[in-house]
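Should a chain be cited, it is by its letter among A, B, C and D, assigned in written order, with residues numbered from 1 in that chain.
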Amino acid sequence: MLGYFGPAGTFTHQALLTITDEEAMPFASVPEALDAVREGQVDGVVVPIENSVEGGVTATLDKLGNGAPLRIVGEVVIPVEFGLYVREGTQLDDVRNVLTHGHAAAQCRDWLAVMLPEATVVEAGSTAGAAMEVSNPDSRHDAAVCARVAGEMYGLVELVHGIEDNPGAVTRFVHVARPGPLPPRTGADKTTLVAYMREDHSGALLEILEQFAGRGVNLTRIESRPTKTFLGSYCFNIDAEGHLHDKRMAETLMGLHRICREVIFLGSYPRADKQEPTLPRGFDDNAFSQAADWLATLESEQPG
Amino acid sequence: MLGYFGPAGTFTHQALLTITDEEAMPFASVPEALDAVREGQVDGVVVPIENSVEGGVTATLDKLGNGAPLRIVGEVVIPVEFGLYVREGTQLDDVRNVLTHGHAAAQCRDWLAVMLPEATVVEAGSTAGAAMEVSNPDSRHDAAVCARVAGEMYGLVELVHGIEDNPGAVTRFVHVARPGPLPPRTGADKTTLVAYMREDHSGALLEILEQFAGRGVNLTRIESRPTKTFLGSYCFNIDAEGHLHDKRMAETLMGLHRICREVIFLGSYPRADKQEPTLPRGFDDNAFSQAADWLATLESEQPG
Amino acid sequence: MLGYFGPAGTFTHQALLTITDEEAMPFASVPEALDAVREGQVDGVVVPIENSVEGGVTATLDKLGNGAPLRIVGEVVIPVEFGLYVREGTQLDDVRNVLTHGHAAAQCRDWLAVMLPEATVVEAGSTAGAAMEVSNPDSRHDAAVCARVAGEMYGLVELVHGIEDNPGAVTRFVHVARPGPLPPRTGADKTTLVAYMREDHSGALLEILEQFAGRGVNLTRIESRPTKTFLGSYCFNIDAEGHLHDKRMAETLMGLHRICREVIFLGSYPRADKQEPTLPRGFDDNAFSQAADWLATLESEQPG
Amino acid sequence: MLGYFGPAGTFTHQALLTITDEEAMPFASVPEALDAVREGQVDGVVVPIENSVEGGVTATLDKLGNGAPLRIVGEVVIPVEFGLYVREGTQLDDVRNVLTHGHAAAQCRDWLAVMLPEATVVEAGSTAGAAMEVSNPDSRHDAAVCARVAGEMYGLVELVHGIEDNPGAVTRFVHVARPGPLPPRTGADKTTLVAYMREDHSGALLEILEQFAGRGVNLTRIESRPTKTFLGSYCFNIDAEGHLHDKRMAETLMGLHRICREVIFLGSYPRADKQEPTLPRGFDDNAFSQAADWLATLESEQPG
């Protein structure tokens, strides 16, 4: 069974539903969800890792690499889109009272001000909770602002979709499991890792980046996180293009292992956008194999 | 008048008190505090920018560079230390009921469990609010877990200091003002800036770092933040050793300006720890001046 | 008056003739020619600096930077083409005896073997001397292998041109003068310099190259030369695209001056091939000026 | 049998004698010597590769990598020291006529001017030839300026040793053989190679150097040589610290193979000075092995 950072009806739940439609277990926090995988309570969980507006989800970044080993085995990117959901029969003109979570109210403020200038906006504990409340025929709330998944879950009607003021925002979720065979290489993969600098070394980030650059590996995300020891001590949480089974990535990982205090491998998995990297000449597996073959001949070469 | 991210009695307030003991205006959020400077409501504010355990304060990082120009003119580092504060006469054995903010309770959980195993811990809206409540002789709460500044503010007695489970944690605060003459160079300075990569360029972070490294400028903090446009578009919020009036820093800033889409200068100011950088040979102001002098001679050199 | 590495009728002479058709003074060696400029005996000289087959001319490389300052003010690239030159009336079938310098004989060996299999090849002190000798109606030599300039100088007839076995070879010559106003920037210029590493520093060449690369300056030639102190101590003789009056070049030169033990500037001058560099975005003079302007505003910026 | 770039009595001969005291075959030129190895006429040859004053020996640099594969299997460094050699009984005051090669005369000019101001210096075809001539009791030459090996070979008496004006100059020789098992790793080894850039790539030298630097491999010599195709097309002849059997070197060679048009491996062999490299942390074989072991565990790691 899978789990997710709940409750049901959130974007995380929506991300989970792209992976499985079987019953899944919601957890009240990201750390609880990740520990549930570690302890075997569930086989995997879906948690948010970054948002295109808010940035990295620090609870996820810090907890993934801290504790028994975990592996990201997949990613899902979900548009952060809100809609106005009502009970069957309610028209836009009927809406006097809107229930939603504070975050969602903030992200739809302009739309609500323009389209429902007379309506009162009331805060609920979650957008999913708002949908549940509105689904009650006796509710004094006329509409919920929530994700489509919540509207559908509680049998509401979608009056308007995409009412967020900042369209195009997305959240990226990762599917996390215990270590096991890696997802097969697809050619359009990502590898996630955490690199701890050696404390005595100030140019370390540059050296870390050169390990990637020197082997044609492009980064798609890098975030510094405190190591929680002293101010100015950081580790780097990195997503890079490629799979552990790509030779350039394997050599990069070994290079990092040599120069860093510690490297925590968090998995190789298919990219959500299926976009294959553009490799500079000399960095595909063929080039690595040919170089190894050439090296072997140097040893065995016989007088001409 | 200065302002700060309040309320009174917090660590931010404590940071403020290291700068001024005149009356100051608390603000309910970091964005409100920064906008109050921009609008001239106050002359400057003190806000947290990073914590050695939690990392960067994203509201500060994102708001500093977004809007009318602001300048950091100083920094303060404050140990995150909690104490147990009581009304005069209360002994440790008397404490049955502890009031504090959830965050503080979490950070002192072990100490409370060991030293006050029988006590009930109740959550208040802030640690300062807890101190105020406990200062009321009629309060049903026996003790507050709060910062020393709050204990003193409400006339409480410090029963035990340093009860946090994770000693050594610090928070770094910045004193932010409107643009004006820079704080004079002290030789132990920091410069803060935000660099936006050009979107079409994947090795940009490496190039950004090379601008610093190639001129002997060391970084003390780097954080990537989303530009809020699309997933994978980042800017970098950077602290570097040195002052705009150091020639190596001036040249670095110009180098960044040339290769980046945008560079936002957030100030040069004395380091809290007064630690002077160790410069590699050839990177002090003398070396820059001598190089410029030499260049000038090449033009004017006359036949020998 | 100009001088050149003689004698008359050589490729160096040919290079000189592209610069002036006034009388010029031949010198017996490159060091003598360069010292004659230093001492004011001539106003400038033309000497070879590299050949596309043989590589750098070490006497020129070592002597240019050693002694009173000199400046390269121009370059000329001359194809290394040999022809078979005879007295009026001589036909190819008549040629029994060919006179030339050993170098030229070596470079035309295949052609001579195929086209004049019966002829005897005799060595002269120079190709120009061979031409002079053949021009004597009483000479026992029927033909000279020499440059066209020598053939013309001695009134010989060109029987065949381009008989060198390795067509396409060129030699590059430089016009060297005493320091004075630099040749104006044309947009398609080269700068030549010698950089001496600091002895105690093993990664110095990488750092030298990064000074260029970090400012968008491309190299067209780099040669290591011993400093003549101990084995393994090198200086680097470098041609780079751009003029001292290009801001990227001025900053590069200053950067080199800071990190090197010594930098000897040998001049900025128009490229023979008039090819303008392709600059990465951010490295033209505009970008440098805008960066300097921006920096100036940071100082003077007033509260908004 | 071994060969060498002769004649007998030269510094090359002296270098050969440090390797073997068996009879060896002199060759008239470096190309002939190297081809004699290729063709099996001798088992190996000793040829000069660089001089601390004159720089690289271009014939050796160009010929080593051009033709059937060859391997450097050892190196010898010989001080370039000249002495004044006479027949038994001749005193310094008796010396009226000195015979030597022009090169040697040039290198001892000051000494001869000061110590033998009255003597005539006559040029011979080689310093060894001068010694042979002087050894003839009927010779009209009183003394030879030559290497000690030549003086001893012809039974001359050393009147003065070390008369060169530029003391400390050395020449480095290499012992070249056909491919076969590499000389065993000693911990203080060198590897020699030639790297051909891809023509379409201007920053190639920087990338080549980064392959070494990124793996902690230091260079002791780098020389650019024309590829003999067109002006500005270079290859790089490189000596680096370490042995093909050092993992950092093996990975560096493979890295070069991937990014270069061609890499010619010219051998790994013990350093003459027996100096072991100082490796930055993370670059010894242990670090490479541990990184490979770690990578292997990532694959096989089982749920905790």
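What we mean here is this: a residue touches a chain if its C-beta (ideal position, glycine included) is under 8 Å from a C-beta of that chain, and two chains touch if they have at least 3 such contacts.
A quick map from chain label to UniProt name: A, B, C, D = Prephenate dehydratase.
Predicted model, so just to flag it, every value in this text is computed and none were measured.
Participant: I need the common contact partners of subunit A (Prephenate dehydratase) and subunit B (Prephenate dehydratase), sorted by label.
Facilitator: Output, common partners of subunit A (Prephenate dehydratase) and subunit B (Prephenate dehydratase): nil, no chain qualifies.
Participant: Suppose you list every residue number at the subunit C (Prephenate dehydratase)-subunit D (Prephenate dehydratase) interface; are over half of them used by both chains (same) or under half (different)?
Facilitator: On the two sides of the subunit D (Prephenate dehydratase) and subunit C (Prephenate dehydratase) interface, the residue numbers are mostly the same, over half being shared.
Participant: Nearest whole angstrom, what separates the Cα centre of subunit B (Prephenate dehydratase) from the Cα centre of subunit C (Prephenate dehydratase)?
Facilitator: Comparing mean C-alpha positions, subunit C (Prephenate dehydratase) is 58 Å from subunit B (Prephenate dehydratase).
Participant: Cα centroid separation between subunit B (Prephenate dehydratase) and subunit D (Prephenate dehydratase), in whole Å?
Facilitator: 59
Participant: Using the average of all C-alpha atoms in each chain as its centre, how far is it in Å between subunit C (Prephenate dehydratase) and subunit D (Prephenate dehydratase)?
Facilitator: 28
Participant: Would you mind listing the residues of subunit A (Prephenate dehydratase) that make contact with two or more other chains?
Facilitator: Within subunit A (Prephenate dehydratase), residues 210 contact more than one other chain.
Participant: Help me check something: in the complex, which residues belonging to subunit C (Prephenate dehydratase) touch subunit D (Prephenate dehydratase)?
Facilitator: Answer in residue numbers: 50-55, 58, 77, 166, 168-170, 172, 202-203, 205-206, 209-210, 213, 218-226, 228-234.
Participant: Would you tell me which residues of subunit B (Prephenate dehydratase) are touching subunit C (Prephenate dehydratase) in their complex?
Facilitator: Counting only subunit B (Prephenate dehydratase), the residues touching subunit C (Prephenate dehydratase) are 38, 40, 68-69, 178-182, 198, 210-211, 214-215, 244, 250-251, 253-255, 257-259, 263, 265, 281-283, 287-288, 290-292, 294-295, 298-299, 301-304.
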